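Okay, so chain A shows up in both of these, paired with chain B first and chain C after.
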Partner chain A sequence: MDFIFVGFIEAFSLLLGGDDQTWSAVAATIKASSGSMVASLILGVPLGFTLGYFDFPAKRQARLLVDTALALPTVFIGLVVYAFISKRGPLGEMGLLFTLPGIAIGQTILALPVVIALSATAVESMDRHLRTLLISLGANRRQLLLSSLWEVRYGVLAAGLTAYGRVMTEVGISMMVGGNIKWHTRTITTAIALETGKGMFATGIALGLVLIAIAFGVNVCLSFLRKK
Partner chain B sequence: MPPPTYRIENLVHRYNNQPVLAVDRLEIEPASIVGLVGPNGGGKSTLLKLMAFILRPTEGTILFNGAPAAPFDESVRFRVTLLTQDPYLMKRTVFNNIAYGLKVRGDQEDWTQAVHAALTMVGLDPNIFSRRQWNELSGGEAQRVALAARLVLKPRVLLLDEPTASVDAASSELIRAAALGARSEWGTTLAIASHDREWLYDVCDEVLHLFKGKPAGTGRSNMIFGPWIPEDNGRYAKLLGNGGRMTVSAPPNADATAFIDPAAIRILGKGETASSTDSVSVHGTITRLSLEKRRGDLFADVRVGPLTLVVRVVESHLAAMTLHRGWPVTIAYRPENIRWR
Partner chain C sequence: MRSEKQMVAKVCILLALTLMMVFPAMAADKVLMMATTTSTDNTGLLDDLAPHFTKATGIELKWTSVGTGKALKMGENCDVDVLLVHAPPAEKAYVEKGFGVNRREIMYNDFVIIGPDRDPAGIEGKNVVDALGAVRDKGAVFASRGDDSGTHKKELSLWKATGAAVPEKESWYVQTGQGMLATINIAAERNGYTMTDRGTYIKYADTMKGNPPLKVLVEQDEILLNQYSVLAINPQRCAKAKIDLATAFSDWLAGAEAQGLIRNFKLLGKPLFVPNAK
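Let's look at the complex of A and B:
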């Protein structure tokens, strides 16, 4: 049991001492996950709103597709993205393999169904009187959509947060598409997997603590926003 | 002469191909107050939503100020507003809820002054309430804030769908006063759906009955629901629970609804018996006397078992008898005068 306790002590010294390898993995994780979250929110929120708000043919089938995509294994996404961006793939010319943008593309595919499905659920649970209220107060079509979206902002925030949690903690995409290259594409999760394999628990625990700290920080921000 | 505020022609509305409302013709004059009464599911809320241009009618036309109008048209935005029974507020402060309409209108005037005036109109202190969140209000306060959000727009038409159904007596009184204040202050046309018939009869220029999605007459009317039990003499009766019965001519079916005009019922004087023309009489108690606004007719509400029947009191009878609340009376009517729906 001592090695776990010692691991925690060493973890704090690595973090507080500014260990370059540790902070490089933290930076790579934040860059890739931020890129994927921006893309998945830009694409996912309008799609989720459309899926939850409007009635259209094949809506149930679209919902089924999105719900199924929630369970996509990260290694499968990694495999597909790898196939597309490898030299032989259709996007091979773009040189995205073993880069952070490559990881971000895979993580966007991972986060998108979460954002769409949870945003759609939030919109579906919107009070049926809201539409009547907004039109009664003179909202035009654009204002109706924007105000409806604003009313479900906490649900959309929760969707983003859930997706962020999934993106931050995935290993498969980062490992397969990023290649776990030191100083370059090594993320927190791939570093934890590697260091644990090497028996370097201190680094693994240190990086795990960073992950928890990031999750805590995001929740604090969300809580602050809810009070506003 | 200005066109009517509403002219509704050959209106039919369906939900999932099921007809829920059919109005052949209805006109509502500017600055008038129109009441809508009828049982739940009668089409009142649907008619108000169509008049608010929230729904588009399946068939027919609704002319607003003489011109056809549809949801989101500039001719109706900010002019027509609907207050529903449930006081739904947006997840923001009271101030922002009320100012929303001014904001979407792009109004440049001082919002604070307008919001405070609207809150005052519904009897809420602006200094206390304007900064409160939507979830820091009681049901009655929320309904008054919802009304203030409409009043701040100074609407040409204010449609109220059972605005006092779920609030306490004090809030109810303030909501009624504020709604009528809009008419007196800005000449707002009001259409009010309510189960409180007496209030509607007191304040409305016209009261329209809606039953099973169709207009079933105007003014005071008695609506008596089945079931109707066949009797030996070929007639039918509604059992009143106290051993009494209300006899009618043959209904079209056992669950049909009977309509009888208050003028077709008369109160018998002391010692008077039902004449051959009034073949049916029942005993009841006067619960209310009221004066009709437009024609000055006097009406008595007579409690007969679980029913309350409205009876028009003719002047000759009034002189011959004394009528008070709680007074036992006998009323008589001819079953042939009953209309069926």
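Let's look at the complex of A and C:
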């Protein structure tokens, strides 16, 4: 069982010693997850707000659909994205297979339902009196919408963080779509899968700790947004 | 308080920026995409060869390591330019179907059957057919790749050589669906047998600091030869397949430099592959 302890030590030496392979995996992870987070927030927040704020026909069905999509397995998303961007697939000409943008597309599909569902919930749980108050203060439709948006900012932040957690830690999409190519599409999670497969448990644990350290860093940064 | 917050914000932004900048995309204009098997990658052979290849030809080699079955499929889907695989019958069928061209033998190693020291089925020193027969009679745990890889195809052919059916549903026959090293580890955890290419076994012994719980029990049987070949993807089927780069890679692998590198690639002082390009 000494590989657990060795893993902790190795984690520090990998991070502090500037190990090229580790930093390349860190960079791949951050690039792919940043791309997918930007895309899923830009698409997801307006959709989530719409879903939670407005009443429209088939709203319940749309909600049901989004909630079901929360359970999409990553390997399945990976498989579907692979099928689409393979040279023989409908989007094959774009050359996205085995690239970080390809991974980001898959991760966007993974993150989108989380962002939509959680921002919709945040909007729904907003204080109902706020609307009445704002109207009584003479707010017009646009002002009403903007203040409501401002009011749910923490909920949206939480939605983003939850989605980020899923995107950072997924392995199915990165493996299927990225191909775990060294120096290019090897992310931290696919590297862990590879090292574990090779029986290098200590390195796997070390990489896992590296991933947690990044997540911690991101959360520290975002917690300052919250405190203001 | 305010300045402290601002400082943290600055540090965060700075960190994000440096991470973006520090890693420029390694932009070589000539990139060859290869699908290969887990054994060439897990042993570290490709890590050893790739820089020499880039130096000699200016072509950057990118590879994804999967089972031979999936590698062939990736070629069929035109997702890669070249294959380095080890399942001769499947490769020949592949060329006949027009998916691949210019199949060329590069190197070989051999398969071995490994198992726990106390050898519950008593297979040590037997030939392959007798050894697998003994495993079957005893119902000893046997870990199989079960993933349609070259190794898996080979193992299935060995079971067929015993004259009985593949023990597909027997409780002692464990199909892992994972790579070779993962499968060896599973066999070790279950105190069972498995068949592996020698290269991966030596790598395994190396990570176990030369004292692995599983030992080589059956070897040197002619039926255990493991031939690796390189195949280019047919450009007539896949218009984007880089046949010129694939040919350059194939020529380089068969040339004196690469054959020498393969011969000298050793772990624990033992060579892992024997070059045999003609």
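One rule holds for everything that comes next: the second predicted complex is superposed on the first by the 225 of 228 C-alpha atoms of A that agree within 3 Å, B and C clash if a C-alpha of one lies under 4 Å from a C-alpha of the other, contacts with A are read in each partner's own complex, and residues count from 1 in each chain.
The rule is simple: a residue touches a chain if its C-beta (ideal position, glycine included) is under 8 Å from a C-beta of that chain, and two chains touch if they have at least 3 such contacts.
Remember, predicted model here, so these are calculated numbers, not experimental data.
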item	value
Chain A residues touched by each partner, larger count belonging to chain B or chain C	C
Touched partner set for A:138, first chain B, second chain C, both or neither	first
Contacts of A:183 with chain B and chain C, given as first, second, both or neither	second
First, second, both or neither for A:75, with chain B first and chain C second	neither
Partner chain(s) touched by A:200 [first = chain B, second = chain C, both, neither]	second
First, second, both or neither for A:98, with chain B first and chain C second	second
Chain B versus chain C as contact partner of A:88, first or second or both or neither	second
First (chain B), second (chain C), both or neither touched by A:129	first
Doubly contacted chain A residues - partners chain C and chain B	none
Chain A partner contacts - residues on chain C that touch it in the complex	5, 8-9, 12, 15, 19-20, 22-23, 26, 33, 38, 42, 47, 62-65, 77-79, 178-179, 181-182, 184-185, 203-204, 207, 238, 240
Of all residues in chain A, those that touch chain B in their complex	127, 129-133, 135-141, 143, 147, 151, 154
Residues on chain B engaged by chain A in the complex (per definition of touch)	49, 52-54, 71-72, 77-78, 81-84, 86, 88-91, 100-101, 104-105, 146, 149-150, 153
Of chain A, residues touching chain C in the complex	23-24, 26-27, 30-31, 86-88, 92, 97-98, 179-184, 196-200, 217, 220-221, 224, 227-228
